[in-house]
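Sharing a structure here in C-alpha cells format.
Every chain is named by a letter (A, B, C, D, E and F) in the order it is written, and numbering of its residues begins at 1.
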C-alpha cells in the first residue's frame, strides 16, 4: 500500500480512450486530455489575471490535472452516452465516487488521504478556478470535436459535442477568459476550410446569438 | 428509427476493447469476443449433444451472439473493476439495462421489440443453453488471459482472470461439455512452455482439486 | 490433436484484416466480420419469419458464424483482387478447400469431423438459410464500404464494392428480407450527408432500377 | 497569430512518441509524459511539504506541465541518442531554443510573451521546484523503462535508462521527497516477479550503495 | 562490433515515422519511404536510359537505398520543421553527420568503413544519379502528401509539402525523366475526384507555369 | 494506363503485413521487408566482392528490391502456411504469376514491359546475385523471427521460421558471404540474454553441425 499504486494508475489513464466506441480520426487518451485541459486552464488563467482577477494557481492546476483521474475506475463513459437519462448519469457518478473512496482508503498512506480526497472529489465548484476548469474542459472537447468535423467524420456525435461545448462555454460568459476566447481564439480556429463549412458556421452563429 | 441503427451499433462493438485501461499484448474487441464465445458455445453444444443432452441450437446461438451487445452503451467495465463492491456492480447492471430498454423503445420497430427484449435481456439463465453460454464466456476469458500469461504480461489482473475462469467453469462440472473440456482441451492448452510455468501449474492444480 | 487447435484458430481470425493492402479508415477483422454477418443474418431471419417463411435457425446461425473460418488458411484474398480471372479465383478456392480438408483430418477429433466438414464446406447453398447468408454477407460489405465512402476514402475499390453489393443483394429480390431491406433499412442508411452525395445517389438509383 | 496556435500545438505533443526508433511494449507520447511528470511532481511536492519544505506550487506545476512543450519543434531526440557527444547534445539544445524563440515571437500575443518565455525556457533550475521537476522527470523515466524490463523487452536501452534514472535521482538525495521515494515507493515497485530479476536487483543494489 | 549492429539498425528505421507530430491518414516509416524512393528512382532511371542517358545503376540504387539511413540517429526532423531557419537546419545536418561518423568508427569493420562512408555521406550530388535521387525523393513526398490531400486532411503542411515537391522537381526540368513525369505520370495522378479539387488544380497550374 | 499505377502499388506493399494471422510483437510490412532484404543483400555483396567474387550490382539491387512486389496481388501467404502441400504452394505461385502477367499487360507502357517482366518474374536464380538474394531473404527472416523469440513470443511458428532460415542459409555454405555471416555476424546476434536461451542455442548448434 502506498503511492506506488497511485503512480501506476497513471498507466491506466494512458490506455483509456475518450468516447470509446465512436469512430475517431484522432484518438485521445484520458492522460493526454488531462494534459491538454491543464494547459488550456493555464492559458485561461493568464487571461483572467491580465483582467485583474486574482487566480489561486495552486488550486487551478490541481483541479485541472486531477479532474479525470477517477476515470481509471469506470472509464470515460459519461459524456457521449446516448439513451442515458439524468438519473442514470447520477448513478454512474455515485459508482465512480464510491470506488474512488475505496481506492483512497486502500492505497493512499494515511497522512496524504485528506489531500487526495480534495483532489479526486472537488473540481468544478463555483470558485474562479472551478469555473475556469469547467470552461477548459469544454474548450478541449470543442477542439477535439472540431478536429473530427474538419476531417469529415460523418458520426453526428461530433457535431453534437461541438455545439454542446459552445453552449456550455457561453454559460460562463461573465468570465473575462471566456470573452477573450470567443473574441480572439475561436474565430482563428474556425478560419479553416472544410466540406460543409457554410452550413456549419450558420449553426454556430445561431448558437452564439441565442 | 429502424433496424439500420441496430446494424450501425455493431460498429461500436468493433471499437470497444475488453478490459479497457489494462495493458494487453493482444487487444480483443467486444465484437471479436462475441464471435469467439459463439464459436466456443458451438463446440460445447456439440459435446453436449454427443452426450445425449438435447440442445436448443436456436437459443444457444442467439444467447451467445447477443450476450454483450448491450456493452455498446457503457462498455466492458464490469469484469476487471477493482474497488467495486457487489452493490456497485449491481448499479452498473441497472444502468445498462435501463439504457437497453430505452434503445429498444426508440430504435427497434414495434413488431420486433419483443424479440430484441428476449435477446438483449435474457442470457445466462438456468437452461442448458444458458449454462453453456456461461461456460463459453469463461472459456474465452481463460484463453484470453492465458495468452497474456504465456507472453509474460506482468499485470496481475490476468492471473486473477485465469483463476477466476477456472473456478467458474468448475462450478458447471455437472455439464458433460465441462467434463470433456477439463479432460481433453484444457491439458492441451497448458502444454506450452513459458516463464514461471511450474509455479503456475501448481496454482492451477490446487484449484482443480479444491 | 483436438478442439484446442480449433479454438486457438479463432485468434488468427482476429488478426487477419479484410481487404489487406487497401487503405481503410476503419479496419475490420475476419472475426468481427463473422460476428457482424451473423448478427445481420439474424435480423434478416426475423424478417423472413415475420413473412411466414420457415427458418431453420440452427442452420442459419451455423452457416453465418462459420462462413469465413477457413480464411485463417489463406486470408481474405478473394474479394478485392484485381487482375484475377474467374479461373484464378477458382484455383484459390481449391487451395483453401484442400487446406481445410487437411486441417479437419489433422486437428478435429474423429467423432466431430463430419460436423466440421458440413460447417466449413457448405454455406451459401440454395436453401433459404444459404440465401440469407449470401445476402447478409453482402449487406455487411455494403455497410463496410459505405462507411469508407462517407469518410471520403479516395480508393475506387470501395465504390466498386458498394455497387457490387447492391447488385448481388438485388439478385435475391424474391426474398422478403431483401424487399424489407431495400424498403426500410437502405434508405435510412443513405440519409447521411457526404461529399459527392448527389452523384453517388444517382449511380445507386440507376442500379436499383436496372 | 494568437493563442489558438499554442493550443493546436498540444496536438503535436499527442503524436510525438518518446524514444522514437526503439521498440516498446507500451508507447508513451510527450503529452502523456507531461501529464505523468506533473502528477509525480505533485506527489513529491506533497512529501516536501510534509517535511516542512515550503513549496511554490504555482512554479512547480508550471515547470512540470511545460517542461517538454518545446519538443513539438524537434521531437524527443535528446534522451536516448547513442553516438552523441556532449557537444552535439548542446547543439540540439540550441536549435530547440532558437525555434522556441521564433515561435513565441510569431505566435504568442505580445502581452503574454514574457510569461511564455519563462514557461518554455526555465525549468530544471536550482530552486526546490526545479529540483523536484528534475527528480519527477527521472522517476517517470524509471517507471517507463521498468515497465519494459518486466515485460522482457530485449533492447538494452531500457536497462540503461533505468540505471541512469536511479543514478540521477540519487544525486538529489538531499531532498526529503527523494529519501521518501527510495524508502517507501521504490521497494514496492521492485516487488514484482520477472525473468532475470535476481541479476537485475543485484545491479540496482550496487548503484544504490555506490 | 560488426555488421550485426548495422542490420539491427534497420529495425529503427521501421519505427521512425515520417513527419512525426503531424496527423496523417497514412503513416509512413523511414524504411518504407526508402523502399519507395528506390523503386521510384528505378522507374526514373529506366526513362533516362530510354532517352539514351547512361545510368550508373549501382550508384543509383546505392544512393537511393541508403539516403535516409542516418535518420536512425536523429529521426526525420528536417523536412516539416516550421520556425527553423536555414542556419538551424545546417546545425541539425552537422549533428547527424557527426553521429554517422561516430557510428561508422564504432560499429563498421575497418575493411568496409570506406564503403559506408560513401554510402552514408554522399547522395544528392550533381551526377545523373544524384539528380535522379533528388527527384525521386520529391516524387515520393508528392505522392505522400497528395494522398493526405485527397483524403481531406486539414493540416496545411501537406499542401505546402505538395507544392514544394512540384517546385523542386521542376528545377530538374532538364532531366528527361522529369519531362516524362510531368507529361505522362503526374496528370494520371491528378485525375482523381476530391473536395476542393478545382482550387487545388488552379494552384498547381500556376506553379507549373511559373 | 501507365507508371502511375505502378507507383501507387507501392502503397499496397506498405499495408500488407508479413505472416498475416500470426501474433507478432513487431509487425513488418512487405515494403519494409523489401528495404531490409535489399540492405542485407548489399552487405552480403560487399563481402562477396571483398572475396574477389565479381558482383553485378545492378542485378543484385534489382532482384532484391523487386522480389516481393507481386505480393500486392495475393499478399504474403506462402511462407507460414501450415496444412499446405507442395502442390498447393505451386498453385498459389501460378495464381500470383498470372496476375502479375495481367498487371504488366494492363498497366505498364509497352516500351517498359520487357524490363518489368524481368524484374517481377526472375529472382532467386542460380547466378551469384540470385543466390545472394536467396540468402538475404532468409537472413531477414532469421532476424525477424529471432526478434520475436527473444521477446518471448509463444507462437511456435517463429522458432520454426528461425530454424528453417538457418538451414536454408547453410545450403549456400559455398558462398563467401555465408561463411562470413556464420563466423562474424550470427554469433553477435545470438549474444543476447533471453528466457530459454540454453535450450535454444543447443537446437541451433545441432543444426549448425548437421
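Please note the rule applied: contacts are C-beta pairs under 8 Å (C-beta built on N, C-alpha and C of every residue); 3 or more make two chains touch, one makes a residue touch a chain.
Everything quoted here is computed from the prediction, not taken from an experiment.
S.K.: What's the overlap between the neighbours of subunit A and those of subunit B?
M.R.: Where subunit A and subunit B share a partner, that partner set is C, D.
S.K.: By the touch criterion stated at the start, how many steps lie between subunit A and subunit F on the shortest route?
M.R.: Steps on the shortest route: 2.
S.K.: Out of A-D, B-F or A-B, find the interface that copies A-C, where copy means more than half of the contact pairs are identical.
M.R.: The same interface as A-C is formed by B-F.
S.K.: Suppose you list every residue number at the subunit B-subunit F interface; are over half of them used by both chains (same) or under half (different)?
M.R.: Different, since most residue numbers here occur in only one copy.
S.K.: Hey, which chain ends up farthest from subunit D, C-alpha centres compared?
M.R.: C
S.K.: Degrees of rotation, nearest 5, to put the Cα trace of subunit B on subunit E?
M.R.: Result for this pair is 180 degrees.
S.K.: Given the two chain pairs A-D and C-E, which is bridged by the higher number of C-beta pairs in contact?
M.R.: A-D
S.K.: Which integer distance in Å separates the CA centroid of subunit C from that of subunit D?
M.R.: 49
S.K.: How many Å are there between the centre of subunit D and the centre of subunit E, using C-alpha atoms for each centre?
M.R.: Measuring from centre to centre gives 33 Å for this pair.
S.K.: Rounded to the nearest whole Å, what is the centre-to-centre distance of subunit A and subunit E, using the mean of the C-alpha atoms as each centre?
M.R.: Measuring from centre to centre gives 41 Å for this pair.
S.K.: Residues touching two or more other chains, restricted to subunit F: which are they?
M.R.: Each of 11, 13, 23, 25-26, 147, 152, 195 in subunit F touches at least two other chains.
S.K.: Pairs of chains that touch, anyone?
M.R.: Final set of chain pairs in contact is A-B, A-C, A-D, A-E, B-C, B-D, B-F, C-E, C-F, D-E, D-F, E-F.
S.K.: In the complex formed with subunit B, which residues of subunit D make contact?
M.R.: 25-26, 150-152, 192-195
S.K.: Across the complex, what residues on subunit D touch subunit A?
M.R.: Counting only subunit D, the residues touching subunit A are 2-8, 10-11, 13-14, 26, 28-29, 31-32, 34-36, 38-40, 42-43, 46, 50, 57-58, 61-62, 65-66, 109, 111-112, 115, 139, 143, 147, 184-185, 188-189.
S.K.: Spell out the part of subunit B that touches subunit D in their complex, as residue ranges.
M.R.: Touch residues, subunit B against subunit D: 23, 25, 152-154, 195-196.
S.K.: Hey, which residues of subunit A end up touching subunit B in the complex?
M.R.: Residues in contact with subunit B: 11-13, 15-17, 20-23, 72-75, 77, 81, 83-85, 88, 91-92, 94-95, 98-99, 102-103, 106.
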